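Chain lettering (A, B, C and D) follows the sequence in which the chains are written, and residue indices restart at 1 in each chain.
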Amino acid sequence: MPISKARLAHIVFESDDKASKAFDVVLLLLILGSVVVALVESVDAYWQKYGKILTTIEWVFTIMFTIEYALRVWLTRRTRGYVLSFYGIVDFLAVIPTYLSLFIVGTQFLTVIRALRFLRVLRVLKMGRYLSEANYIGDALLASRRKILIFIGSVLTIVLVMGTIMFIIEGPESGYTSIPMSMYWAIVTLTTVGFGDITPLTPMGKFTASLIMLMGYAIIAVPTGIVSSEMSAMRFKRRDDDLISCPNCHAEKHDKDAFHCKYCGSKL
Amino acid sequence: MPISKARLAHIVFESDDKASKAFDVVLLLLILGSVVVALVESVDAYWQKYGKILTTIEWVFTIMFTIEYALRVWLTRRTRGYVLSFYGIVDFLAVIPTYLSLFIVGTQFLTVIRALRFLRVLRVLKMGRYLSEANYIGDALLASRRKILIFIGSVLTIVLVMGTIMFIIEGPESGYTSIPMSMYWAIVTLTTVGFGDITPLTPMGKFTASLIMLMGYAIIAVPTGIVSSEMSAMRFKRRDDDLISCPNCHAEKHDKDAFHCKYCGSKL
Amino acid sequence: MPISKARLAHIVFESDDKASKAFDVVLLLLILGSVVVALVESVDAYWQKYGKILTTIEWVFTIMFTIEYALRVWLTRRTRGYVLSFYGIVDFLAVIPTYLSLFIVGTQFLTVIRALRFLRVLRVLKMGRYLSEANYIGDALLASRRKILIFIGSVLTIVLVMGTIMFIIEGPESGYTSIPMSMYWAIVTLTTVGFGDITPLTPMGKFTASLIMLMGYAIIAVPTGIVSSEMSAMRFKRRDDDLISCPNCHAEKHDKDAFHCKYCGSKL
Amino acid sequence: MPISKARLAHIVFESDDKASKAFDVVLLLLILGSVVVALVESVDAYWQKYGKILTTIEWVFTIMFTIEYALRVWLTRRTRGYVLSFYGIVDFLAVIPTYLSLFIVGTQFLTVIRALRFLRVLRVLKMGRYLSEANYIGDALLASRRKILIFIGSVLTIVLVMGTIMFIIEGPESGYTSIPMSMYWAIVTLTTVGFGDITPLTPMGKFTASLIMLMGYAIIAVPTGIVSSEMSAMRFKRRDDDLISCPNCHAEKHDKDAFHCKYCGSKL
């Protein structure tokens, strides 16, 4: 079956016909499969028992991803651009750890890079209909980035101040061994996570902790309000196309239902 | 008291007169009663003490539900359609476990199916005035399903990446025995549940955990924003078709039920 | 200083001049003081040490509240109406426990009623400017009560089903000793409280728990969205006064900016 | 390099040219550096090891801040106004603890004041573009302060009542040693923090705790709704004065900058 290089590139990079869609589905399954294997490998009991089989499967996945990576490098028009792009680096990191494990023995650090293969799922999914929706969320977060930064800044200030106060009040006997440790506790408390690994023991500490909890419970409303109002506003935002410009004075941004220019009075 | 089959079907399936409403209320009480019995049975102390009485009550409920199920099968116009419908299956699962327990000894699995009887409450409640409200919530969730899917996808990506990182940082000594275990911890932390069964012990782990907590605290704003703005939008939704423009003064946005322009008084 | 009964009634029931405002402030301080004493009394160490003093203070407060209660009964125009009203009962419950403690020895139950004195604060605060704001929140919750009921119903269904499933998966060894206990755990988890007194131990249990946590994290958006959109809608809701009725055809609900009746075209 | 006093004052107080911006950046780094040193010092292990170096660095920072404080006092036009202003006091508190530590030995209380140096970051950041955004959040919170106060009041009432009830139900055996302790637990539970240091042991206690958790889960929607709707409203706020009505066709709601009616074209 002689396929042209252009056809192959289409299959690998696009997803608008049968063959290219099939390629994407197979790739998706391979990525998910390889991530599952990485997860299973990390369980000591399974590793002891099925270590050899898991290593073999791991190599099969790696060789397949290597072929895919080689294909992409060969098929892309701008090889350099691809290799240095975000996806190019992720694709490279998806294959290199297994080869490195031949030389370096027992580094768990390679595992984390292998689990990053999951990020490749984004590539496969990104092509479809979810793009505009993801942009919608992204736009709302982007539009409110300054407000969110201020919010995070305020949270960090609260955490530093309250963490220090709790360190003074409770001290090392209750587990608040240092200000950073107290700040960790303040974050655990303010975000309403509440592990319970460190808890205040003195009445004064419990009172201060109560204040932090009530603050955390109340200020969660702020980021929510920011994102909610931003998303509501985006729905009402009219595109520039919806606004009519005046043929006489060229003033723009007339309402859609206007029949006369609001500046010069001439017919639109 | 000779009642026609049509009348009986009306009582069983509708709820618009005295008899059919009474039927619904009795059914509701039976369902709630049977669920309460299932709950009480699961408490070992009560089972030891009142096992025999509970079994008897259980059989009374089962026989009543069996009669109801037989009635429905007999009375419905499309027997096959009912038996294979969602409610038909739930009704069947409500009676079968007790009969099965005659043959299969000691399987707790039957209990879970028995508690599913509670789902039958939905059937009884569904008829009333809550339907449109439930639809409202359902529509808002449906309209934002893609955004919610993207959100859940992002959360899972964060969980996988942060779980793996925490596995590398903390390792099995702190309870992070495998990547799936670390991911479980990451979910516990990101969702601000914070059981405290596993907690970071090293400074670096605590720092990374703090980041996850702050992320979880901030990104809760995203689904909230999505649903809030969706619900707000649904209230204001009014298609362009609903508004009429005046042929005389060209003013737009007249109400649908208007007969005269509200500005110049000319006929619409 | 001979004050008329009418003047005294004004001081006790109103709060629009110096004397009546002073009465309210003194009453507020007495209520807060008596609640603080009740809280202090409940601490065993303080009770052992200062029991006698606390009892004396308690009696002073009780006698003062008794005088106040007697005054209200005497001064009110509709004695019966007051005695049986919500505030009448709260006022009565504020004084009776201390007298009962003369006859009944050692019942802690009386304490809870004494702490309910705090509810009397509402009476004092209710007069002021916070009323309309409280109504605003109340109206928003009232308008969305059906949606909130549906939400709570859904939460309870999830709790029952997931609680039962966890009881099957984990069983009594992990602390899930009965379905009600499992449901308690499911509520702790779904609401993101996460005490950690019971936690899943098996991999399957941890996986199911993760699902419950993600559900809890996502569905918190629903009540928030309901209340947010309700409050936004209430801001835009025009009062009936804002709408003009037509002097010719008597049709109502014309927009504020209308100059002609939208039904008959006559001038407004 | 002879710089005039006016130029120096410009560098210290403004941030609109190279020199003054550089001054701000250096000051920002000094503040962050001094806070990091305070955090490191609080870790006992580091203190034991590097105590001398840390003390030296601390003195360097203190002397620099002293010089800066002296400069500000000298350069400002209204010395008294500055010294007694919020920032003046924070600047003073930033230098005084280190000097006091020469006379008072071993008081940890000085540390908390030293960590408050972080508040000086606000001064440096306040100048820039984040001001209007911070005002936006501040305005939204200010506009809804009464609603938030009512909300906090309701939460405290729930905490007091539920705390007392749990104290009666569970008692000292389960850790609910007093009403204040029970209230602390109620706050931990209602805010969904859930440390797990105290948990209900009796079935009745678990049932009541479930109610509190569901309440906490539901009422978080209230502050969120308040802030969300306030922020949405602030975006749409446009006073009636901002809209002009047409003297010819009486159409209202023309933009403020319009010169001709957008419907009939006549002059406004």
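Criterion: contacts are C-beta pairs under 8 Å (C-beta built on N, C-alpha and C of every residue); 3 or more make two chains touch, one makes a residue touch a chain.
Owing to the predicted nature of the structure, the values given are computational and were not obtained by experimental measurement.
Novice: What chains touch chain A and also chain B?
Specialist: Looking at chain B and chain A together, the chains touching each of them are C, D.
Novice: Consider the two chain pairs A-D and A-C; indicate the one with the greater count of contacting C-beta pairs.
Specialist: If we tally the C-beta pairs in contact for A-C and A-D, the bigger total goes to A-D.
Novice: So, what's the distance in Å between the C-alpha centres of chain D and chain A?
Specialist: Centre-to-centre distance between chain A and chain D: 28 Å.
Novice: Quick one: chain A and chain C, Cα centre-to-centre, how many Å?
Specialist: 40
Novice: Multi-chain contacts in chain C: which residues touch at least two other chains?
Specialist: Those would be 151, 180, 183, 192-196, 216, 220, 224, 226, 228, 232, 257, 259.
Novice: Which residues of chain B touch chain A in their complex?
Specialist: Spelled out, the residues of chain B in touch with chain A are 146-147, 149-151, 153, 157, 160-161, 164-165, 167-168, 171-172, 177-181, 183, 189, 192-196, 199, 203, 206-207, 209-210, 213-214, 216-218, 220-222, 224-226, 228-229, 232-233, 245, 250-253.
Novice: Which residues of chain B touch chain C in the complex?
Specialist: It is residues 35, 38-39, 42-44, 108-109, 111-112, 115-116, 118-119, 121-122, 125, 129-130, 133-134, 136-137, 140-141, 148, 151-152, 155, 180-181, 183-184, 187-188, 190-197, 216, 220, 223-224, 226-228, 230-232, 234-235, 254-255, 257-267 of chain B that touch chain C.
Novice: For the complex, which residues does chain B have touching chain D?
Specialist: That would be residues 192-196, 224, 228, 232, 249-251, 263-264 of chain B.
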